[in-house]
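Labels run A, B, C and D following the written order; every chain starts at residue 1.
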């Protein structure tokens, strides 16, 4: 799978639909997806749905199951039903999976984001090296702002969010910007808080905003209202603001899913953790054609990506 | 008396509540310009009959005739429209509203944006003047004394041009002076043609005021008479259905040591002003000290301070020699106090609890009632059954919710609970207010009995008859202070009455 | 710390606090009137969610904010009818009915959103209305006089609600039935109608608050309110059933929220303490109430259904 | 006759709610009968599912039993969510600190810690109400917010799984020791000892409320604090006691959610519902539904537990968003509480009984 996308950035033609088209089916396996937020959240859950779509897979979906108990019941239910591959798209589901997976040795479970499989041989784990994209986004942001302040709208200070935010800070400061100001609101879902946080950053002089979690949709609005560029992550967030989303780090899980499917079809149902990275094309910096980023900046970003890929730059 | 059609005629009214026949084929009439008194024990069905008249309940059987025509009264509004007014036994006032607002309620169609409070206020002042019903229209009702609230109730009815006015125990909470004032007003009203239904447990009032008297017992009419042909004793017996002893015998008792001592007591009232000022009292075992006084002169605050329910500013209290200054109610009780509060439904009993539970309210922690850490239900039942029996509490079962008992029976229940715990000191506030003659007699007898057993009894009452019937000594409170303490032998109604106005 | 006391930051904080307070204030004012009539509504959050979705969806379709506001009001009114039916006609326990309304609103708004919209698509936010002259006052203008119309409406409703409660026939009846419904009934005031009116007012305000929230944030998503409606109910207690104190509570909550976000943004609160910062509005609200030590009693008949028998 | 009516009215009301649900399902283009069958299948379709339903009902029952104490004492406890979290945090901390204790010691200790944690979180609004006149609806709602942030702080800081510090920083503890796990009752199902614990708790609450002086005082204070005070009771202390006991039972629900879970660890998703499953609210519904009687709260909790587990199946089978199930729950609550007569019947027959 690491020979997926050749380029690590993709610049969209302005005005094109960013929604993902159904690809040619790569497998006959049946899939089910259990996810904590809505399947079309333009963030974490949608990144998985889009990835499956690219692979031509139409899974059964149980979404919005932020209650771990409910998710566990759904995961177990799909396994009982005989679905071949059950994707548990939520870190918090891991504990339940550790109990369920051994009961269904012929089912393959795919779980993320997680960096290990808890020693289970029918579980694959996946995670993003989100700091990589964060670094690139931060670098571009610094390039655009010329030393001005930047604001980051964070949710709870944990998980991938921290990786992305720290990567963003590293990228921005490496490119000569002052350290971006970071606010963790304490909630993944409180749009009002994210909105006011963005506004606070703007009032404090921020010229660029970024953020992660489904609550940031409010922050994008603030960016739009103040004509401030926005950097997205997880899914392509151009739909939120056609003009001001500069670039989104998009999770292409299909890169690792492809490998997993190959293994499963070959009889190995799990046992490995796989990362999506800039190297393997699982992380793609999707640049918004409508924003009109200078070609020189795009070229610079390509350079940074290349350096991250070859290890010259450590984004953490 | 005229022979023309009566203003009101109730024909064969029957009303059933679950398990209770509250009115049984009751007929009753009122003519213009007369006062018709309705008498009966607690729970006889007086209020129920009047609530039917006022549209609060619907009769199961029977007719209401107003001015000779059959009337349908389905709600208070229709009663008011037909010029029936009612002053309820339990005040129907909204304490957080002003007097004007209380009067104005319901006058104005809610579709009318603003009530014309100025006009209402002006009219209230007119009525006040005309009938001597003094009250400040702009004051919040919760700040008023009981007597003043009563006046507001009457103003409410007069404001609505009531031709037929029902007064359900209007005097229960009034001072003798206020009662006299009220009677002046009522006579003025009858002179103007208003018909009045007057309900009271105080027989001398009934005899003084009414033109005719009807007696109810157990929901049925058991007697009709006129004042000229009867007296208190006979009325009492008509009500109760047996002989009644209106003044309990008070055998001579050796007084013991001081059981309750109050000295230099200062207490602040709800309104933040001094309510009790430098009060000294000693009550000995075997003695009943009556506290007379017009309501609102610090009696309530004094009682609450002794019971541990109110903070005191200065002074000290001791019960049986133990200092109980500033203690909690539980500690005051532990020192030997029994307390019969003035407002029995608010402070004396838990309405939702059944009879047995209320009898356990104070002593529930007693080891008698507990086995292996749990309630011993047999013991509790036996205890309750004994008290109900001994104190003649009329209740269908031991597990009847207390709120459905009549006032007199609730008071007997509280008495039973408080007296059964072998107290050293009994503090009883308004022990027979609103209680019927039979029950009052009973309660009085019990208090005198306790005195005989060497208990110190402090009775607070606005009813001079009661104070005189019970007390060995009479203390008079005025403006927060004890202005005079009489020996029973030296006290006359006149001298006590005068002291109550502050003249010593 | 000194960064915070620059004028722009202070002005921004004030403006943010006021913005944040708006939906709380609208909902809490409505609930205040409801509770004054003796009816507790724990379903405010659910009604807000429905109003928020209705307002959002209308604007998404029509781009007309006022239509959106109207729809929010109408949804609030409709839910008010439901709540009145349940609590007044059927005498249902108010606490549990409110939670029923909350669950229904939470689920149904999300269901509609998933079926009709799916991906959260931003709408145009409510436009700011600059009050002529006042908006131009340096510093004060941007803080107080450059808000969306609903914010002004919310603040204007504080004296209006007080006026309604204290001066109108309806308000007098509301206070009476909330305190002593028997007394009101005995004078021919319809307890049912009065409470119905108060419930309709309260729910309509909740619907408006919801629409105000989604139109101000210019977005909808699952559980957009995040418990805001419950906090609004809490603010009624903070305000001891007095609109101006409810306003004080809403402003306090909004201002503390705004301040903590700005202090985090300025690194006055270090990054690692984000959770502590997030607790601040809740803790400060409680502490403020402890210090105020208001011992005002609530409406005596609160949560008690009325019947004559 | 009236008994029959009493039994059928709420059933009829629930049915009516389902009719509304059916209309919604129809509107989504699915067959309502299939929907109903899916719910039933999800809740009761196999031994395992029945067990899952019971497990789902357990925290509702614990919270609900606590709610009966609070509400009987006239204290409105909306703080179940926070109290669950407090109980979970303290019990988890104990399991993290003393993982090597033998099960016989550790498990009771963990349970005790849950009771203490939840009880403490309940005692705060209790004391605020009793001694500072802070309304408990306000303080419990606010303390829910505080508890969530406290959990976030502890799980991403002091209590985080050491692996996660270097890894993806998932805010969760390590897998807790099996010595603290609630024993499974029936192998192959998730039915665990917590279910029994909850039923015992409900019975104990019933005994306390109606068979002991402590409960007598709580109820007296709840009905009429003035009379209770005049009778010598310490009203303030009883208010604190009611909220403490109520909170303690919610804290126990927190223990059950952690130590009865498959994952055997405490994870936060940043909010409260992800961990509690909103048991702090649903428990109130269950308790009120059970007429504030702890024993009736048992079937009532199981009813709501089955709706919750059934809803998962509805979503899995028919791809109907579980938002519909939440809305349907709301409707059922509204319809059934509106069938007032039935409540009256239950009250007359059981509520007033001592």
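The criterion applied here is as follows: a contact is a pair of C-beta atoms (placed from the backbone, for glycine too) under 8 Å apart; a residue touches a chain by one contact, two chains touch by 3 or more.
What you see is a predicted model, and the numbers here were worked out from it, not measured in a lab.
Between the chain pairs A-C and B-C, more C-beta pairs are in contact across A-C.
The distance from the centre of chain A to the centre of chain D, with each centre set as the mean of the Cα atoms, comes to 35 Å.
Between the CA-based centres of chain B and chain C the separation comes to 45 Å, rounded to the whole angstrom. Distance between chain A and chain B, defined via averaged C-alpha coordinates, is recorded as 76 Å.
In chain D, the positions touching at least two other chains are 149, 152, 156, 321, 323. In chain A, the positions touching at least two other chains are 64, 156-157, 186-187, 189. Chain pairs that touch one another: A-C, A-D, B-C, B-D, C-D. If you check the complex, the residues on chain C that touch chain D are 42, 46, 82, 85-86, 90-93, 95-97, 99-108, 110-111, 114-115, 222, 227, 230-231, 233-235, 237-238, 272, 275-276, 278-279, 281-283, 285-286, 289-290, 293-295, 298. By the touch rule above, chain D contacts chain B in their complex via residues 207, 211-213, 216-217, 219-220, 223-224, 226-234, 352, 354. By the touch rule above, chain A contacts chain D in their complex via residues 32, 36, 60-70, 72-74, 77-78, 81, 90-92, 94-96, 98-100, 113-116, 127, 155-160, 162-163, 186-189.
On chain D, the positions that touch chain C within their shared complex are 24, 28, 71, 76, 78, 128, 132-135, 137-139, 141-146, 149-150, 152-153, 156-157, 281, 284-285, 288-289, 321, 323-334, 337-340, 343.
Note for the complex: chain B touches chain C at residues 54, 56-57, 75-77, 80, 86, 88, 91-97, 101-102, 104-110, 112-115, 156.
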